[in-house]
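One structure is given here, and the rest of the page talks about it.
Chains here go by letter, A, B, C and D, matching the order in which they are written, and residues are numbered from 1 within each.
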Amino acid sequence: MSRHLCRRVGAQLTRQNNFSAARRAYSSPAATTFNWQDPLSAKSLLTEDEIAISETAERYCQEQLLPRLEEGYRNEVYDKIQLEEMGQLGLLGATIKGYGCAGVSSVAGGLITKAVERVDSGYRSGMSVQSSLVMGGINEFGSEEQKQRFLPAMAQGKLLGAFGLTEPNHGSDPGSLETVAVEHPTKKGYYNLSGAKTWITNSPIADVLLVWAKVADPSKGLAADGTPKKVIRGFLVERKNCPAGTLETPAIKNKLGLRASITGMIQLDNCPVPVENMFPDVQGLRGPFSCLNQARYGIAMGVIGALEDCISRARTYALDRKQFRGNPLAKYQLIQKKLADAATDAAFGTLAAIQVGRLKDAGGEAAAGLPDMISMIKRQNCDRALQGARTLQEIFGGNAVSDEYGIGRHVANLFVAQTYEGQSDIHSLILGRSITGVQAFA
Amino acid sequence: MSRHLCRRVGAQLTRQNNFSAARRAYSSPAATTFNWQDPLSAKSLLTEDEIAISETAERYCQEQLLPRLEEGYRNEVYDKIQLEEMGQLGLLGATIKGYGCAGVSSVAGGLITKAVERVDSGYRSGMSVQSSLVMGGINEFGSEEQKQRFLPAMAQGKLLGAFGLTEPNHGSDPGSLETVAVEHPTKKGYYNLSGAKTWITNSPIADVLLVWAKVADPSKGLAADGTPKKVIRGFLVERKNCPAGTLETPAIKNKLGLRASITGMIQLDNCPVPVENMFPDVQGLRGPFSCLNQARYGIAMGVIGALEDCISRARTYALDRKQFRGNPLAKYQLIQKKLADAATDAAFGTLAAIQVGRLKDAGGEAAAGLPDMISMIKRQNCDRALQGARTLQEIFGGNAVSDEYGIGRHVANLFVAQTYEGQSDIHSLILGRSITGVQAFA
Amino acid sequence: MSRHLCRRVGAQLTRQNNFSAARRAYSSPAATTFNWQDPLSAKSLLTEDEIAISETAERYCQEQLLPRLEEGYRNEVYDKIQLEEMGQLGLLGATIKGYGCAGVSSVAGGLITKAVERVDSGYRSGMSVQSSLVMGGINEFGSEEQKQRFLPAMAQGKLLGAFGLTEPNHGSDPGSLETVAVEHPTKKGYYNLSGAKTWITNSPIADVLLVWAKVADPSKGLAADGTPKKVIRGFLVERKNCPAGTLETPAIKNKLGLRASITGMIQLDNCPVPVENMFPDVQGLRGPFSCLNQARYGIAMGVIGALEDCISRARTYALDRKQFRGNPLAKYQLIQKKLADAATDAAFGTLAAIQVGRLKDAGGEAAAGLPDMISMIKRQNCDRALQGARTLQEIFGGNAVSDEYGIGRHVANLFVAQTYEGQSDIHSLILGRSITGVQAFA
Amino acid sequence: MSRHLCRRVGAQLTRQNNFSAARRAYSSPAATTFNWQDPLSAKSLLTEDEIAISETAERYCQEQLLPRLEEGYRNEVYDKIQLEEMGQLGLLGATIKGYGCAGVSSVAGGLITKAVERVDSGYRSGMSVQSSLVMGGINEFGSEEQKQRFLPAMAQGKLLGAFGLTEPNHGSDPGSLETVAVEHPTKKGYYNLSGAKTWITNSPIADVLLVWAKVADPSKGLAADGTPKKVIRGFLVERKNCPAGTLETPAIKNKLGLRASITGMIQLDNCPVPVENMFPDVQGLRGPFSCLNQARYGIAMGVIGALEDCISRARTYALDRKQFRGNPLAKYQLIQKKLADAATDAAFGTLAAIQVGRLKDAGGEAAAGLPDMISMIKRQNCDRALQGARTLQEIFGGNAVSDEYGIGRHVANLFVAQTYEGQSDIHSLILGRSITGVQAFA
C-alpha cells in the first residue's frame, strides 16, 4: 500500500519538473561522522517504506510548497490547490486504510506532517485538519455510508474539510460548548444547527464542516432547568446543501501567526442538516477528543520539522555571517550552545514521536494510555520547538526581522502550534492528573 | 524648564480634543492596597515635574497614538506627523538643555519613552532615533554652528533624523564598517561618501542622516597595505543637498516586528558632504557608542512600558475570560504565576532604570562606569520584557493570534528591542569583560 | 543612635584583633570604572550612617564569623556565643527603637543581614529569628511589661529566642495549626500549652519561645462541633519556668542545608504559661504574619549577600583557573554570561530591597501594600539568588564538591531560604491574588 | 549469556533474604491506563533478557543497597563489600564478552546503572569506575595477558579499580596533564611514574589504578625545548607492588555531593611500574576518551534512575501532604506542572539512551558519530535530571532539608553527575563543533 503511494509520489513529481536531488531528507553525511540533521539516527528506526514516503514528501514540499510560501505568508493567501496536489500524491488521510487512502503507518503519517511543517506550520495545519481531524473523524466515527460518501473525494483533495469545535467563549474547555442542534420543526429527519465556532482552519474554503453540537437526549433525564439533558454529537455540514443565510464562514484576517493558512469562523443559523450526516454512535467529548488525538500526534512530529528548519537556517547563517576579527558566528560559544540545545531537542523529540507512533499502531495493551502519551509528546515537542526557534532567532540579530530568513515566521507559527489543540498548560494538567490521579483543572 | 514643557503639553492636548481622564499613568489605587501597576512605588522616587511629564506623555500616547496603531502595524504605515506632534509637545530631545529643547531629567526622558512604548515599540523607536541618536549626537559632538542649525528644527519635529551606523555585513561589530568618506577630487571642502547602511529606522523619511564613515587620517601612520590609516568620523548628510543618484533610502518592507515604524537602507554613492557637516572632534567608535548609550537608556525604560501594557492586557483578559466551571482564568495558579513573574520584572526594571538615570544626571564620579550600567539595564529589561510578554501571551491562548489583543505585536516588537542597539549576548560580553577584566568577544 | 552603634562596633572590633582593611564592603574601585561589586551604585542611596553600619557589620562577619564557618557547617555546630557578640555590637533587633536597641533604619537592618548572609545563610537565620521574629514580635505585639522584661536582654544576646509557628503537618498553611492553649485546670491565670512545632531555628538553645497556639474564645460563638471557636494567640514560653517534661526541644540533625544553624522541634505537653506571657491583643494570623513580614524583609536583603559572595568566589576562581591554551576560564563566553546574569540579579535585587526599606520606614500611605511588596522582593531575590548560585556553581566544575570553595554550601542554603517563610510558589499566589483580586490557593 | 546472569542474580538473591515483591522495576499498572513510571513504554523496546536483568538489578538495589544508604551518605562511609556483591551477581563489567563477564547488551548495562543510581549516584559512580572506566579500558586497550590477569577478578569485585586521568590543574582539558612516566634509571623494563591525580572515585580502596601519563616518544621528534615529544599512555598500577612512599591515595572528605561514594587523590612519586602493565598500543587522548565514552553512556541512563526516584518520592509526598482546605499538594496546578515536566524528561531521556545503546551494539556505520551521540545524551539527561530534581525538591518545602526524604541528596549528587566526565558546557561545545565544523573551546 505504501509502496503504491511511493510510486505515485515519485511518478507525479517526475512528471512535474526536473528537480535536482532533494536538498535534505535524510541525506547521508559521511558515514563516520555525526549527522547534525539526525543526531541520534532516528532514520535507523524507520522502514524502507517510511524512508521512501518521507523523502518524496520532503521533495514535494521543498520543490512545490516552499516557493509559494513568501507570498502566502506576507499576504495571508492560501491556495487550496495544494491540498489537491497532496491528494494526488496520496498524502491526505494517509494512515487510513481503504477508501482510497494510502494506509501507511502512523510514523509515516507523522513524517509527512514533518515534511510539510519543515516548510510552514500553516501549510501543515491545513493538511492536518483535512487528514486527521475530519477524515480521521469520519473514519473512526462515521457510518459506512458516510465513509464511502466523503473519504475518497477528501483523500484526493477534491472535497475539503473543516473541524468545528472551538467556540468564541470556549477554548480549553470544549465541554461547555453552546452550539445546539434541535429537531427541525417541520422537515422530518433533519436537525437545525445554530451557534458559532471560531479559529477554524480552512473554514472559508471547506466543503464539509464537521460541527460538534449539543442535542437533547431525553434518555439521559432532565437537567436542572427541567429540559432534557443534552449530549455532544458530530454533524457533517455540507456547504452545498445549506440554504442561503444558514451558514457563513468569514475569514479571520491580520493574523500574527500561521498567516500562510486560512482561518475563519463558522456561523450557523438554523442550518438544516439531515440525520444521515450525524455520526451514528459517538456521544460526548470522546468524539472530538479522539479526533484531536489524531491531529496532536501529527503536530508532535510536525513541529520538529519546523525546528529542524530553524536549526538548518541558523547554522547556515552562523557559518556565513562574520563578526569580530573575521570569525563566523559559529565560532562563538554562546552561538554553539543555542545550536546544541535545539539539535538535542529535535533529536529527542523525534525519537519520542516515533515510539508513540509504534505503540499507536501496535494497539491493544501497548497503546494503553495513548492519549496521555500523545499529550506528553505534543506538549513537549511544541514547547521545545518554540523555545528552540526563539533561541535560534537570536543568532540572526536584527536580520531576524526580515521575512527572507524565515526564522521569525517559524517563531510566530510555533507559538500557535503550542497553543492550539491543547494549550501547553492544559496538557500539563492532563499529565498531572494521570500521574497523580487528582484533577487540577478547576 | 520642565514646568514649561508640562504647560505646553497640557495646553496642546486641551486644544486637540476633549479626552476623558487618562486611562492609566499612575492612577491611584486605594491607598491601603497594593498597586499592581506600580508594585514597588517607583512613583515615590519621582519629582512632581517628572510625574507631570509622565502623565501628559501617557495621555498624548493613549489618546493620539493608540488609535492609529492598528492600521499602522497591519500595513506598515508610519505617519511622520506624529513626530511633529511630539515636537509641539516638547517631547523630542527633551533632555537636551537649550536649542529649543525642554531640558528635563534623564528619568523624565525615560518616562516619555515608556509612555510611547506602552503603545508600541515601533513608535518609540522612531522617537528614540530622533531624540537620542541624532539630536543627542549633535548635542554631544556637533559644533556650536551645527547645534544651532539642526537642533531647534529637530526639536519641533520639522526636521527628521536618521542614524547610519549598522551595515549589511557589520551589526554587532561596527568597528569593521566599510562606508568611506574621501576628499572630493575637485570640490574643495567636501567629502564624498560611499557605502551602504541597513536597518536604519526613519531613513526613508529623514531629512538629515547622521552617517558614520571612515576617513583617511595621515597623522595615524600607514596601514599594512601602505595607505594611511582610517578613523571613524560622523557626517550630517542633508538630503536636500544631495545630488540625484548619490543618496537612496529605500524602505524595507514585510518586517516581522516593529511594523509600525519605518525602516530602510541608506545607500551612498559618492555623495558630497561639506566639511562643515562633519563632527569636528570625535573620532573612532567613541562617537557612535556614546549616541547608542543615550538611546539604550531610553530603551531600558521604554520596554518596561511595553511589558506593563502586556500585563494590563493579560490581566484584563484573565479576569474576563471564563473556562472550566465558570471560573475566570485569573483563578488558576498557572495563570497567576505568569502575572506575578511579569509584574516583578517590570517593578524591578523600573527601579533600576530610575537609579541609572539619577546617576547619569549626577555625573562625575557617580556616573563612573555609566556605559556598563546602561548595558546592564538595557540587557536585563529587554530580556525580561520579552520573556514576560511571551509568557503572558500564553494566557490568551489562540486569541493571541488576533491582532486586536495587542499581545503578539508586543512580543514581535520586543524581540527587536532585545536585539538592536546591542544584542543581548553582546551586552553579556560587555558586562563579562567589565566584571572580569578579560574580553571574550573573539 | 546608629552613630552610637558604629562607635560600639568599631571599638569592639579594635579590642578583639588587629585586622587588615576589610576585604570588601563597598571598597572603592577606581572612580572611572564599573564596580562589579555594586554595579548600579546602590551605595549612592545609603546614608553615611548606613554605610558605616554596613562596613562594621561586614568587618565583624568576615573577621569573626567566617573563620568558624567550615567547622560549623561540616559538623552542624552552632556556637551561640556569636549571638552574644552580635548583641555586644548592637546588631540584634537593630531596627527597634528603645529597650536597648539601636533604632537604625530598615535599610541598615537589611545591610546587617546581608553582611551576615554573605558569610552564611544559617548564621543569618539564627540572627533573623532573634531580631525579627521574636524581638520584632514582642516589640509590635507585646505589652509594655513584656517589652521591658525581654527586649534589653535579647538585644544583648543574653536571652535567646525561637519562633514556634510551623507544625509537622502545617507549613504553607499555618491557619490550620493544631497546638492549643487551654486554661489550666487548677492554676489560676495560667494556660496549658500542648502541641508540636518543627523546623524551629534556635529552638534547642532558646530561652524564650514565642509559640502560636489556638485558644477557645467564647465571644466568637460555637464551631460546628459545639465547642467555642478558637483564635490564634501568641505565648512567650520561658524555658526556665517550664516543669520537667512539659517542654522538649530536640535538635534536628543531618540537615542538607543551613547546617551552620541549629534547628529543632518544640514539643509541649501541658506546659503551663502565665497569662502575663500571652500577647495582650493580637489575634489570628495577623500576629505571626506580621512577624514573618519583618523577617522576610531581612531575607530579601540577606540572600543578595550570599549571591554576591558566590559571584566573588566564582569570579576569583574563573580568573585563577586555566583551561585550554592557558586561558583563564574568565576568557570564555559561557562563563562570562553566568557572571553577568548573577551580577545583574544582585544589583537589581539590592535596589528593590532598598526601595522597600525606604517605604517601610516612611510608613503611612507610602507603605500601603507593604506585605505584598515584601512578598515580591522576598520571592524574587530568593529565586534569583538560588538560580544565580546554581549557575555559578557550574564554573567550579568538580571542585564545587569540595566544601573549601564555599559555593555548594550557598546553593544548599539558598534552597532553604527560598522555601522558608513563604515558599516561592506561595508568594506567587499571594502576588497573583493582589494583582487579580482572585485567590488561587485552593 | 545474560540468561545465565539472570539465573545467577535470582539464585543469589533468594539465598540472601526473603524479600517481598520488588517495589518497582516495571511493575504493571492496570493495562488500560497511563503508566506514570514508564510514560512512553520504554519497556516495550526491551528484550526479555533485558527486562529480567533490570528487574533483578532493581531488586538487589532496593533490597540490599538502599538500607545502607542513609548511614553511608551521612558519614561518608563506603563499604566496598557492595562491589563484591555486585560481582557475585554478575553486574560488574556486564557488557564485556568473556573473561568471566556477562556479555549483556549496552542497554542492559545501562539498566543496571539505572537501577543503582535510582538508589544513589554515588553507588553508581563506584560501579561505573570499576565496570566502564577500568574494566572497559582493559578490555578495549589491554593486551590479552592483561585482560586475563585483571578482568576475571575485577568482574567478581575481588579486585577493585580506579581511573586516574583528572589532575588538580587539568579538569576539562586533560590533554594538558602533567603526570609523567620515565624509564627507570636502573630497573630494566620499568617506568617510574610521578604526578598527582585528584577527584578519583574509589582511589583509596583500589587495588589497580589505571593511570594516564606522558611518556617520551623519540619517534615523534623533538619538542620546542629540545626534548623528545611526549605521548599519553595508560598504566595499570598495582598497589600491592608499589614500594612504600611511591603511591599514596588519600581520601577527600567533607564532600557536598556523592557522599556515599569514596573519592580520593592518587599521588605518585617515582612509582615503578613494569612495562607489561602499560597498554600496548593506544596513544594520546583516544585511550582515556574511549573509556570515558563507555562511562558516559552509563551515566546517561543512570541519572534517569535518580530522576525517576525523585518523581516517585515527590509524587508520594504530594499525595500524602495536605495543605489548604485538606487538599493534597497533588491537587495544585503548580505542583502538577513540576511532576509533568520531570516525567516527560525522564521518558524522553530513557528512549534516547536506549536508542544510542542499540546503535552502539550495532556498531559499524550505525555507530558513526557515536561519541557525539553519547555527548548529547550525557549532557541532556544530566541537565534535565538535575533540573527536574531541583524543581521537584520545591514540592517538599522545608522538609526537603531533612535527609530522610532523599530529594536533597539526589539534587546534590546530580550536580556532580552533570559536571563530571564532561561538564555540561564542554559537551555543548563538543556538539557545537560537530554541528558547525568549527571549534569554540579556545
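Note that in this section a residue touches a chain if its C-beta (ideal position, glycine included) is under 8 Å from a C-beta of that chain, and two chains touch if they have at least 3 such contacts.
Owing to the predicted nature of the structure, the values given are computational and were not obtained by experimental measurement.
A.B. asks: On a CA-centroid basis, which chain has its centre farthest from subunit A's?
C.D. replies: The most remote chain is C.
A.B. asks: Which pair, A-B or B-C, has more C-beta contacts?
C.D. replies: B-C
A.B. asks: Just the number, please: Cα centre separation of subunit B and subunit C in whole Å.
C.D. replies: From the centre of subunit B to the centre of subunit C is 42 Å.
A.B. asks: Quick check: what residues of subunit C touch more than one other chain, meaning two or more?
C.D. replies: If we look for residues of subunit C contacting two or more partner chains, we find 331-334, 337, 425, 428.
A.B. asks: In the complex formed with subunit D, which residues of subunit B make contact?
C.D. replies: 332-334, 337
A.B. asks: Which subunit C residues qualify as touching subunit D in the complex?
C.D. replies: 74, 166, 169-173, 176, 199, 252, 254-258, 322-325, 327, 331-332, 334, 390, 393-394, 397-403, 408-409, 411-412, 415-416, 418-420, 423-425, 428, 441-442
A.B. asks: Can you list the residues on subunit A that touch subunit D in the complex?
C.D. replies: 31-36, 39-42, 44-45, 315, 318-319, 328, 330-333, 335-337, 339-341, 343-344, 347-349, 351-352, 355-356, 358-359, 362, 365-366, 368-369, 372-373, 376-377, 379-380, 425, 427-429, 431-438, 440
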